[in-house]
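Please read through the structure below; I'll follow up with questions.
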């Protein structure tokens, strides 16, 4: 799999896709959606779709792509090659969500959680297939969050397409297994050949599985923790594993939307300021001081008495 | 004598030895004074597009813009030469760095001419009007 | 014309005596203590304003500086600083040497103002002058002072009109971009705005006198019944979804007390042998003499 488009800038998201088989533009098709790398604290999360004519469902079964989780990496690479060989009737597309995108999305002011991020990636991919002329009639998805809600969301978004959201869809529907293979192969390759944007010299690539409970992953996180910057962009800052380590080993950083006891720090401080304003407004002519001109207050400029 | 009699003198000749570093104003408070691996972690991850730069810091997206020092002004970083033993003593600062522009960063929001620091740059021009000598 | 130069407003002095110095003086408006800078070359005096936004830190080269303040050092008319001394020494018809008027136990640095060319040369703007032999004597004159302050206001109005500074009600457009509204601003808006700016450098009494002198009706003080204009205006600002407007007026909030040092900070503190606080600032460069 050629990931060079993603590797050119792995701080942002990237879409990769196979050529669209001609038969998919003329015949009714089914499409499977699956993801890879949802749990790990390291590397990208990959969303994959795979599609083929409904008439070719049996051929998909014969590719024996089922249950990618139980396969070895080498086995998955092999199956991806087989999918590639079937390109006359099988197409795929991927949305690679860079760890930086995941961090900045999940940590942004307006709450954007991982489920919403996943749903949007899936929706974008289905839309992409439609835009390419694929005659979609059936969509099969492994569940993300509550299956019913997700199914409603997708059905509403894509009227006329029969949507099936099902836990363990990747072992039930060969087209989902195929999507899963594509996503996992991309995720494996991206992690293995991660190009660090940072100048870290020779980087130890023994990250382990990338799952927070893997001791190798944990020791890697400790080794590459920087007291000021935290981590390279390879790490998902929004994961509690990363946050917890930063809280204890890195220099504290405060933002204006930080929350303390569920309240924004800036809001809390504003309350104090309003209180002091009210007390200042009590009829005490002696403490009455003139307000600074708004030219200065608007510009956050003030006189100082000490350096 | 009151503490107001203390002055902080400013070793101007130190300007000759001052370096000219890249200067950034971040949208967060970092509880640290001292070294940071800026060239290893930060500089290589900057993304420049037209008039806007973007980067992430600690997993938060930031958008920035370069600002020039107001015309006729020079940016200086002052450093205290020696910590005074008490607040009743004169102090000495030297120029450790000189800069002519810097990049200011907003948390997520794109830089606009309404940002406080941009508007603050209007002050020297207005100060000139307020404080310049009036005609006889 | 100003020259952009590494040499700031002062020639690099050879002896320590000629170094500029930050000095505390009595703020003519608040009567509190404020920081000023005396230059040496042309004996000018500068005002120090700090741009202070909460949640700001500097990266300077390969270092972090926690304190995100930016000092902007601009020339100040020394007469503003001399005026309170001259005014308070005023006795009907009595002339005194300025040296006798400008003395302050609390702010010994004030005598240095007498060395500022722009200060001594312009005392006649606020005082009557008598020369006896080689000695000059002065007596505060309110009318002259008002005329001088009015000229200051007019100069400021001229500059405001050329600028993008919005002097009107501060109406913001829904697109979150400042509306340039010179067209809508009335003459009175400019006068009031400029009066407000000049009032930052004079006592409250003089400020009120000046308002009358400018024939501007006094607005019934809004601060008695409403929160300060700054807050009122800021809350009018449309804010982006999910954004807290309070971030816009956080400038005057006290900083959080420093937390205990983390292990990382301790390590870094060891590395940083200097351990000294530094600050970023802007300075006016020396004016080119033609």
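General observations
Order as written gives the chain letters A, B and C; numbering starts at 1 within each chain.
Note that in this section contacts are C-beta pairs under 8 Å (C-beta built on N, C-alpha and C of every residue); 3 or more make two chains touch, one makes a residue touch a chain.
Since the structure is predicted, the reported quantities are computational estimates derived from the model, not experimental observations.
Here the chain at the heart of the shown protein, by mean C-alpha position, is B. Two chains share more touching C-beta pairs than any other pair, namely B-C. Our note on geometry: chain A versus chain C, Cα centroid distance of 49 Å, whole angstroms.
Between chain B and chain C, the centres computed from C-alpha atoms are 18 Å apart. Taking each chain's centre as the average of its CA atoms, chain A and chain B sit 36 Å apart.
Residue positions of chain A touching 2 or more other chains, listed in rising order: 109, 227-228, 251-252, 254-257, 295, 298-301, 307. The residues of chain B that reach two or more other chains are 8, 27-32, 36-37, 39, 42, 78, 93, 116-117, 120, 122-123, 126, listed in rising order. Residues of chain C found to touch two or more other chains are 22, 24, 33, 47, 49, 51, 53-55, 64, 72, 165, 197, 243, 251, 259, 262, 265, 268, 279.
Remark: chain B residues 8, 27-32, 36-37, 39-42, 44-45, 47, 56-61, 78, 91, 93, 107-108, 116-117, 119-120, 122-123, 126 touch chain A in the complex. The part of chain B that touches chain C in the complex is made up of residues 1-13, 15-16, 19, 21-39, 42, 69-81, 83, 93, 96-100, 109, 112-114, 116-117, 120, 122-135. The residues of chain A lying in touch with chain B in their complex are 9, 11, 100, 103-104, 107-109, 197-200, 226-230, 232-233, 236-238, 242, 246, 251-257, 295, 298-301, 307. Partner chain B is touched in their complex by these residues of chain C: 2-8, 10-14, 16, 19-24, 33, 37, 47, 49, 51, 53-68, 70, 72, 74-77, 80, 105-109, 118, 122, 125, 148, 151-152, 155-156, 158-160, 163-165, 176-178, 197-198, 201, 240, 243, 251, 258-259, 262, 265, 268-269, 271-272, 274-285. Chain contact summary for the complex, chain A toward chain C: residues 109-111, 227-228, 248-252, 254-257, 264-267, 269-270, 272-274, 277, 281, 289-307.
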